[in-house]
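Shared between the two complexes below is subunit A, which has subunit B as its partner in the first and subunit C in the second.
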Partner chain A sequence: MNLRTQLWLLAALGVLLAALGSALLLSSDAREAPVWALASPFMMLSFIGVGLFAWWRRPHSGFGALMTAVGFVFFLSAPMASDTPALYGLGYVFSSLYLGTIVHMLLAFPEGRLDRARDRWIVGGVYALVLGANLVLLLLDGPLEDDSHPRNAYVLVHAPGVAKVALGVAEGLGVLLAGAVIATFVERWRAATAPERRSLGPVLWTGTGLILGVGLSVGLDLVGAGSTVALVPDLAALACLLALPYVFLLGLGRRRWFAAGAIGSLIQRLSAARRTGGVREALAEALGDPTLRLLYWLPRDQRYVDLEGRAVELPADGAGRGVTEVRAEGRRIAALVHDAALLDDPDLVQAAGAAAALALENERLGAELRARVEELEQSRAGIIAFGLAERRRFERDLHDGAQQRLVALGLQVGMARAKLRDDPSAAGELLDGAREELRQAQQELRELARGLHPAVLTERGLGAAVDGLVQRATVPVEIRCMPPERLPNAVETVAYFVLAEGLTNVAKYAGARHASVAVERVNGHAVVEVRDDGVGGADPAAGTGLRGLADRLAAVDGRLEILSPPGAGTVVRARIPCASS
Partner chain B sequence: MRVVLADDSVLLREGIARLLEEAGLEVVAQAGDAGDLLRKVNAHRPDVAVVDVRMPPTHTDEGLKAAAEIRERWPETGVLVLSQFVEEAYAVELLAGDAGGIGYLLKDRVADLERFVEAVRRVGQGGSALDPEVVARLLGRHRRDDPLAELTPRERDVLELMAEGRSNHAIAEGLVVTDRAVEKHVTSIFGKLGLPPTQDDHRRVLAVLTYLQA
Partner chain C sequence: MATTVLIVDDHPSFRATARMLLEAEGYDVVGEAPDGHSALECAGRLAPQVVLLDVNLPDLDGFAVASRLTAAGATGAHPQVVLISSRDGSDYGPLVLASGARGFIPKGELSGAALEAVLA
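And now, the complex of A and B:
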């Protein structure tokens, strides 16, 4: 049986019981029976009807079920109208139970759950009180009502004195509990955000009126004030009770009406907003959520940024924030991060986002631009740092290499000179050593110069320079692909350093048996790749080499990608924009 | 004269050791880093330690720090610091102490065997050796109201050699003049620069260095 059918069955049951209650009242000889015969089914069916409607609209919230329950609990007191003592007593026990259910419903609004332990204590207390007090009065033969009523059929002990004291205690407790409930309402109101207040407001305030009326009435009875004085809060409570389901409906309607107005004024505002950030303000105002934030989607980087272009993460689930994506023509352009209460109204937020889509796209472009500037600034700083590190490395290489060799060379020449006359053969040996030092110094200087910028790259292009790299590599390297034509100077240089650094890493860390390199033109990009069959697990964040590469690449708008699962080789891949000439 | 050598390049260390041995000095130990050097100086108490500036582990200024420590703990051991480059600041730092027996030379100087060996001997005997490049840079510095401008060319030559740490006799030999002539030049130079006269070679270097630095 689906939910709809179940709800219809409950509705039918409600109508049946309401009719039964009315019949009971009409058959009674109680004084106000005819009035109650109309009012009681009205109240019952109001709560059941609106409760079932809410249940149907939001089946996952327990609120609708609670409101429906209030309606059915009203019925439990219907037997009070009977002239039969046994039935009357039964009805009397349950005659105040509806207060417990209503407090339960109000404290559980709007989710239908009692999340806090304190709320559960209050609700439990009210239930115990409204059932317990009536039961005690019945059993001890206490005063049941001012009116004439049928004989009390359930007297256990005739002790009206004790019962009176018990009644006083119960009334005192009732006033305290009413105070606690109202305090909770006030507390919730103060903690609520603007959108939350919009949906809480009507029900919370009517509930406050109801509990206040009941509390005052009980309080007046406790201090012995005449029943005429108590009439005022009594009537107020009754009015609130009658109004409660309709006030709830009003709240729903008000949100609809609010939404229509919000979108209208949003569109007006957007056409007036020219300032940067004006869209956020307009949306915040339209949705009544001053904490609203806008995040802009960068499709190229697959991430969100704020208006300044700084990377931003979406809030985690359960952080009390809702996220609504805004799309235009099927493309994601932005996300609204808003109060979670607005998730009750997904249509409103969607509509607002759609209305603002054009303006959002404009701001998105601005944010994208700022993100790019930010990125370029970072890469520039990175390049400077990288350049300094490179200089230090070259100084160290010169110092420990060629310079050292030249000192040794000088030393040997000096010693050879000293021996020239007395020991020519020793002098000859020293000069042989000197020549070897010279050769090695020359080779080291050549290597160093090539590290700075290989001349063959400028003169003969990437292919020739890569041939040289491959020949000097420590493992066999296959050249899978190489464009036959020359690429722009900057592209060739960056590509060369990607390959050189990649092959250096293969030699140093990969433990590979074989490697391959490729340079390919794809969709206006040069895709440069070094692959090996080594140990993998390369970390781009560690080591200056790969980070330096990323900065060099960023300077020409390129991107570095490193795939290095442990044990499965490494792929270093760079994409460098390179329009076809 | 007994020498301890410290350089992380074995090749160069062996070369220098051979050169010093052939010149009649005794190389009692060689070290590859600063810690090793200090242990060997402590064990052998040589007349002089010849020390490379950059050594493991950090390859920065281990040699300078080791030199300072040797000067403090074993003042009777002279220290000659060798470096691929010379900086006035390091020179002043090294020679600042009152006592002699300190030198600071470019590594290239080892190619000129005689002058290098002479510098090692001088430092071993408690004198000083400052690289001509440092001296030239100090002298070449531009000053307002430069009293150096009042020096004759010959006096300038004498000042340079004096700043390198040479004795009057060595200066006389280098310039091919008599010892007496050098003494006269020195007196004149100290007069023109307003420095108090001193006979001690190292104090003389220090006075000139301080003057040039100011």
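And now, the complex of A and C:
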């Protein structure tokens, strides 16, 4: 059975019980019975009707259910109208239970949950008091009602004196509990944010009136004031009780009305807001939430940034903040991070976001531009640092490699010359050694020069340079795909270094048996890929090589992607913008 | 009696060549050290007359090693330190003499005669 059907069944049950209650009252001998025969079903059906409406609107909040429960609890006191003593007594025990349910409902407003231990104690205390006090009075034959009720059928011990004392204690506790409830209301009001106050206000203040009225009435009875004096707070409490469901409805309506006004003035403000950041202020004002933050979506980077273009994370669930996404023509453009209380009214926030979508898109473009500038500045600094590190590395390689070999070569030639006359065979050996040093020095210089810029790349293009890389690789490398035409110089150079660094890493770290490379033109990009079947687990942040690559790529607006799950090989993939000529 | 020499350089191939060269020219190479700390230790133990000391060592820098070797003179005789490098001596300016070394020989020009000229 779906929720709608269940709620309709509850409504039907409510009507049935209300009619039954009225019938009981009309058949009663009690003096005020005819008045109550009208008032009681009115109250019952007010709470049940509005409660079911709230339940249907927000099924995940327990508040609607609590309000519905208040209506049904009224019915439990209906047997008091009976002229049968047994039924009368039963009704009497439950006649004040509605106070417990109402305090429960008010303290649980608007989520329908009692989150704080103190609130649970208060609600538990009220339930215990309203049931316990009436039960004690009944069993000890205490004073029940002023007049015209049937005989008490449940007397256990005839001790009206004790019962009177018990009544006094219960009334004292009742006043204390009423004070605690009002104090809680005041506390909540003071702690509430502006949007929270908007939704709490009407119910909280009417509830305060009700509890104040009941508390005063009980207090006056305790000090022995006449029943005429107590009539004022009694009537006030009754008025608040009757009004409570409608005040709740009024709150909902007020929010609708507020929303319509807010969106109207938002649109006016937006057309006036010209300067940067004006949209945030306009939205914050419209939603009544000064803590509102705007985040702008960068589709290329798949992340949010602030107005300055700095990366920002969405708040975690349970951080007391709500997030509402703003979309325009199906694209995500921004997110509003706002007071969680505004989630009660998602339509308002959505509408405000939609009204501001155009202005948000403008600001988003600005934020995107600033993010790109920031990124370029970072990559420029990275390229400079990378270049300096490269120069240091070349100096060291030259000094430790070729230069040392040339030193040894000079010494060996000098010694060979000294031995030429006395020991020609030793001189020959020295010259052989010198030739080997020379060969190795040449080899090292060649490799260094290639590391600076491979000549074959400029002369014969990427395909030929990659053939050379593949030939020198330490594992078999398959060339899966290579563009037949020449690519722009800068693209070929970066692509070459991606492949060279990728294959160097395959040789050094991957422990692979096989690797493959590919360069493909896809949607205006050159996609460059090195793939191996090695151990995986490569960390792009760990090595200078991959970081250097990322910086080189950033300089040409490219992106580096490393997929390297442990044990499942590594894919190094770069995308370099490369418009077809 | 032949002059005793300790060769300090982190490249084994250079040490071997320099040893051959100096021995061919009548020097007595009493030891080799690959870095600054072992150079200080060997100099203390072997008491060579000359230490041929590379400027670029993996741990201490050659100038620091030279300063410590020549400062040892306070307690007695200290070795003559000759700095060597594959870089040019002019790269280092006054650092060579300030370190207490007798002089500098570029590695490619090392020979018995060059060493003799610096020590003279």
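Criterion: the second predicted complex is superposed on the first by the 512 of 581 C-alpha atoms of A that agree within 3 Å, B and C clash if a C-alpha of one lies under 4 Å from a C-alpha of the other, contacts with A are read in each partner's own complex, and residues count from 1 in each chain.
The rule we apply is simple: a contact is a pair of C-beta atoms (placed from the backbone, for glycine too) under 8 Å apart; a residue touches a chain by one contact, two chains touch by 3 or more.
Remember, it's a predicted structure, so these values are computed and weren't measured experimentally.
With the C-alpha superposition on subunit A as described, subunit C and subunit B clash in the combined arrangement.
In the superposition on chain A, A:A507 makes contact with neither subunit B nor subunit C.
Using the contact criterion defined above for the overlaid structures, shared-chain residue A:A385 touches neither subunit B nor subunit C, since it reaches no partner.
Legend: residue contacts after superposition of the two complexes on their common chain; A:Q403 is shown touching both subunit B and subunit C.
Taken together, the two complexes place residues 399, 403-404, 406-408, 410-412, 414-415, 418 of subunit A in contact with subunit B and also with subunit C.
Residue ranges on subunit A touching subunit B, taken from their complex, read 396, 399-400, 403-404, 406-408, 410-415, 417-418. For subunit A in complex with subunit C, the touching residues are 399, 403-404, 406-408, 410-412, 414-415, 418-419.
Partner subunit A is touched in their complex by these residues of subunit C: 11, 13-14, 17-18, 20-21, 24, 56, 86-87, 107-111.
Across the complex, subunit B meets subunit A through its residues 9, 11-12, 15-16, 18-19, 22, 54, 59, 84, 107-108, 110-113.
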